[in-house]
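Should a chain be cited, it is by its letter among A, B, C and D, assigned in written order, with residues numbered from 1 in that chain.
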């Protein structure tokens, strides 16, 4: 395993130290591992809390700041954080208007956030939770764990953060988060596996001429293994299942998010984005907004994901609103 | 070779298409491959032009915008652009106050920018050039090609862009650029090689337990091959040569830039940044400003570089000034 | 052992020490199993939780079964994370509550407490038998223990039977198509791999057999 | 060939066609050499420049040596980039200027033009013999051509001698420590590798021998 780390068990703690030094505007609780917006709690504002395993940087900690998250709880690499972290974050950002938990749909994340919500309620904090499940690679069914929460989470955190900043109440922000989830779909692929530091070797083996389609963000193998293909073909493999799952009428507007899994550089993302845009143009779908870069990653994995969010005016307005975080910043 | 691309020879052209779609605020000349700020030329403002081989994204194209570059010329992957591209960029941004060429010290870049400057002068555009050479891995001497221009280039483009935006004249902006170069030092390392698309295989081979110290940004092998080491040891190997080359008196202020070579994710950069900060704290050097992320890359190479810029108040002020580009954005 | 076996809090503590010992030995194997159909962290998660649980027991010095269960549950919940954290946490919380504020349990009481613990895992995770989870080791184990006791077996017999059933249940997860947990994302590709959680659950029951009625 | 050899513009064009043919054949090898001590693009750069130069010649249909040199130089400068673009560009620009607005050159004039071309590379790149660059193939080649002509040799003899000298110069770059170009960044590690530019320069001279006095 080749990584710029010290001991595998210190990866999360030391990265938090570095983040604190690089971003003094954040408050970081190292004992409980909670990243909190510098001016939290903001009185009268709905608090937005998210969290999940580490290894997806900049998500979630890099999205803490004005106009996005009030706090984030990083777990161990690819492991959901624990209820006590989430409880601490929830209390730290409660400005009296309640707190929204934005949860990605993984058994561990859901169970731990459930426990945290129970504990917070016991402490008299009003908590609502929305579980994101936008990954079309996973067949959904009430008998399974359901779909994974992936790229739409980033968009939900931005849009709900802006709504909370604008004074939306807990019910409104929660409804908006559900709407983003209902209108967001994602699909990812990998050219290489990734190595969990504590495991020390790649989670799966891929041949030099193979790729995985339908992966998540935890180095899990995908739904299908195929021979490597051109960016144009990959774009089809990612966009078509998204559109099959959530069709667009001609002229409908989308926010298109082309994301790197961590090891794929920007030059390739732009090539993929170009192919995605061609496919959508053919179908008369307007790309009203876009985001291209590494925002929800899987350690050093090479690969990419495409997320499409069907936009309405309210979501668009909140997307454009000012945001000031380590990883996303505009209008501020 | 595994990459999200189509034909190797179309990589640069297609990435430019994607960039144009993702950033409609930029003007892109696809025939000559020039990326120009949307509102260029800005009357009365010194124009700032840079360029170099592709494969270093977001540098330089991602730095085009208000407060930074007026134009960038991307060459083929790792190959300097040509004088006609540079001439086009120079004319496109000349607002009557002259144009500064920010050139990284590589024979190809220097020779091509020289020719471009000759052509621009012939067309009556006042051009000055500053050649950046901040890489301490290379022994300098008047008999050699000298040191490479690496990380300090990003800082020079930001600081000089702000000075030009603030109304500095060509001589002032040029002097400032020379000052950034004189006070900037960098050192890089690689955990893996990278693959030039047209070459199709890794530029060099590295064993599973080896790293290269003193690499540049073109997949060149470095000065020395060593067994892989901890982030703490790597930080030493990068910081000590920098400080040996440009010593800091206790209390002097630095801008510290920890950069990913492309394939190293943010979580590792923060760990490395934490180690760098410890080393500087021991020496009483104050990190007054920092930048952590992938800004000057070498395709998908895993590795990192550290750049230190000894700050004065003027540089600090221009660093803090508003910038609005695809890759760097604050205060705007 | 003799019919009149009683399980003391010290026995329960010995059980955890033994379990954490085997987790230490099997951590890499558990992570390996999790690499195939999950995210390669189950062994690391369990090892982290065990270290903390052992410390917690040393600090808490519980006097009754409830205190024992709480101490471990809280520690596991606050250190393991992932799916297994809340699930094993619920296991011990329920075990303690069912065991009650007594300093020892007889055979029937022990099996009843284990049953309550497994039911808590089921209601927290909402998995069903056959979903390819830890329940596929735990539920058969409880059934076998009850059957053994009904047939007049000792606690020792019951725990032996439970261990055998847990192992069979664990092996039976191999051909299953996962419907819960990360493995469910793999669909058909989850078939042919043994479930990591079922494996750690088998180790948990086996450790009980080695310590509670020895 | 007979003393009175004359090199026509068509011969020069044939030279370029031949050169681009061999560049096509050796592109991967040149890139390979550049991988060892550079950035793995010399073959690609030269191939790109050659394709463009051949098109340019077809379009320009130059009538004199100056026109021939300009047409190629402009195209190489605007398509190759890197270090080799301006260097080979300067080579052809100077060759055209030295050759002048005539439709043919005699042996002495041809060698004189080649010498001017090499001097232009030297002044553009400021490299010296022994720096491990294309000059280490080009300078010995010119010296050998001049010596051959002085000894009464024909242009064909001169170009043969030049080719042999260029090849020796190219091989001689292997033990050199690079002082110019990217290879210089490697310091000691540049020793033991043949310079890619010296290799393409040898091909350039060899192509001349195959076409200009055949």
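By definition in this document, a residue touches a chain if its C-beta (ideal position, glycine included) is under 8 Å from a C-beta of that chain, and two chains touch if they have at least 3 such contacts.
All values reported here derive from a predicted model rather than from experimental measurement.
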Exercise for review: Minus subunit B, work out the clusters of chains still connected through touching contacts.
Suggested key: A, C | D
Study note, to complete from the structure: Sorted by label, the chains bordering both subunit A and subunit C are none
Review point. Centre-to-centre on C-alpha atoms, which chain is most distant from subunit A?
Key: D
**Study point:** CA centroid of subunit A to CA centroid of subunit D, Å
**Key:** 55
Point to revise | Chain centre separation (subunit B, subunit D; CA means) in Å | key: 32
Review point. Approximately how many whole Å separate the CA-defined centres of subunit C and subunit D?
Key: 77
Check your understanding: Classify the inter-chain contact topology: is it line, ring, star, complete, or other?
Key -> line
Point to revise | Those chain pairs that satisfy the touch definition | key: A-B, A-C, B-D
Point to revise | Residues of subunit B defined as touching subunit A within the complex | key: 2-6, 11, 14-19, 21-22, 54-55, 57-58, 62, 191-192, 208, 211, 228, 230-232, 234, 262-275, 277, 287, 290, 292, 294, 297, 299-300, 302, 304, 329-332
Check your understanding: Touching subunit A in the complex: which residues of subunit C?
Key -> 31, 35, 38-41, 44-45, 48, 77-87, 124-125, 179-182, 184-187, 189
Practice item. Spell out the part of subunit B that touches subunit D in their complex, as residue ranges. Key: 53, 75-84, 106-108, 111-112, 114-115, 137-139, 143-145, 148, 196, 198-199, 203-204, 216, 218-221, 223
